[in-house]
């Protein structure tokens, strides 16, 4: 199981998923309407490291963070 | 008569000259060795206004300032 | 890097950073002080921050600045920040002015684009996500593929 | 614009400018603080200023900034400024960060090139004109023609 958390304005409870890679996470999140609408503009961190690798292999207990558009300052 | 003053590191006493234009001032300053060596890198103000007009007509009492290379900050 | 609940104490932060580096022989210190403008009838802006990723973003900038012989610092507010008070201060120290002037520009712009901070307008006590002023971070859209 | 004998009180000037504009609704305040670096065995730098032309140079920048909805300020030291103390502070206030970041760069660079200020190294109490670091102002060479 990996844990997926949704940051900032997404206001979505964390969920747990079975996933071997980030691609598996993508497939499952795309099926949840309230989340799917955000995905094209969200970045992703695994265990707090930003990543651009959809093939990234996940292990038990990994934390995946979904980061919607930002505006600091 | 116009008054010519030499600013910053030029360490030169002010002088008074008869001059109808800035070109007249240039001609006379070029004859003073200790000043001539500075002139190619000096800017000029007349009555504290920077000028780039060698033909500028001068009047009695005008103040001409010779400004050598700068380095503020 | 420092995060504070509510508005930043601008003078205290400016002075603290000045004194931290007063013996470091830097020739240029450029802070950028961001203040909440009164506009569109807002009472305040409010901020969420995801600190673990912000810390990494900042640590990368510390390294990048070090390679240029420079140093970066930043402070940001968490939660509500009333209009006319400060939410964000960043700063560059460098031996030379050109490096400092270029670095503060890049540092502030990358901060706006990639620091994991979310902004909300506060109107009549309600928090409204500033969607139209927000920017997808580098690498966004990965999970929509 | 303000000129002071000797080193600038950086914290006092930063705070004064901050408070002067605290109700002006600017979103960005960028000071540039210049500090004398210990190098080449100098004890201090020393400055001559020709104030009437400096004032005009500064007034032109005030107008240029106003056209962008921004404000500029500056302070400079006259006479000797020991190493590790400040000789120069300038600042930009602007509603928006892009204008502020671009303006502080142009303002500081034009200051270095065209403000009528002469710099001397102070070594063993002697004042030596910093000829090699100095730049002819715009329009130089007029009288050598």
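Order of writing sets the labels: A, B, C and D. Residues in every chain begin at 1.
We adopt the following convention: a contact is a pair of C-beta atoms (placed from the backbone, for glycine too) under 8 Å apart; a residue touches a chain by one contact, two chains touch by 3 or more.
From a predicted model like this one, the values you see are computed outputs, not experimental measurements.
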Open item on the list: Using the contact definition given at the top, which chains are in touch with both subunit A and subunit C?
Closed with: none
Task: Label of the chain whose CA centroid is most distant from the centroid of subunit C - done: B
Task: Chain centre separation (subunit C, subunit D; CA means) in Å - done: 25
Task: Whole-Å gap between the CA centroids of subunit B and subunit C - done: 49
Task: Computed distance of Cα centres, subunit B from subunit A, in Å - done: 71
Task: Per-residue overlap in subunit C, given as positions that touch at least 2 other chains - done: 34, 97, 108, 112
Task: Per-residue multi-chain contacts in subunit A, two or more chains - done: 73
Task: Listing of all chain pairs that touch each other, if any do - done: A-C, B-D, C-D
Open item on the list: Can you tell me which positions in subunit D touch subunit C when the two form their complex?
Closed with: 10-11, 14-15, 18, 22-23, 25-39, 84, 95, 97, 100-101, 104-105, 108-109, 112
Task: Touch list for subunit A against partner subunit C, complex - done: 7-9, 22, 25-26, 29-30, 36, 39-45, 48-52, 54, 65-73
- [ ] Using the touch rule from the top, collect the residues of subunit D that touch subunit B in their complex.
- [x] 34, 47-50, 52-53, 56, 76, 87-88, 108, 111-120, 129-131, 133-145
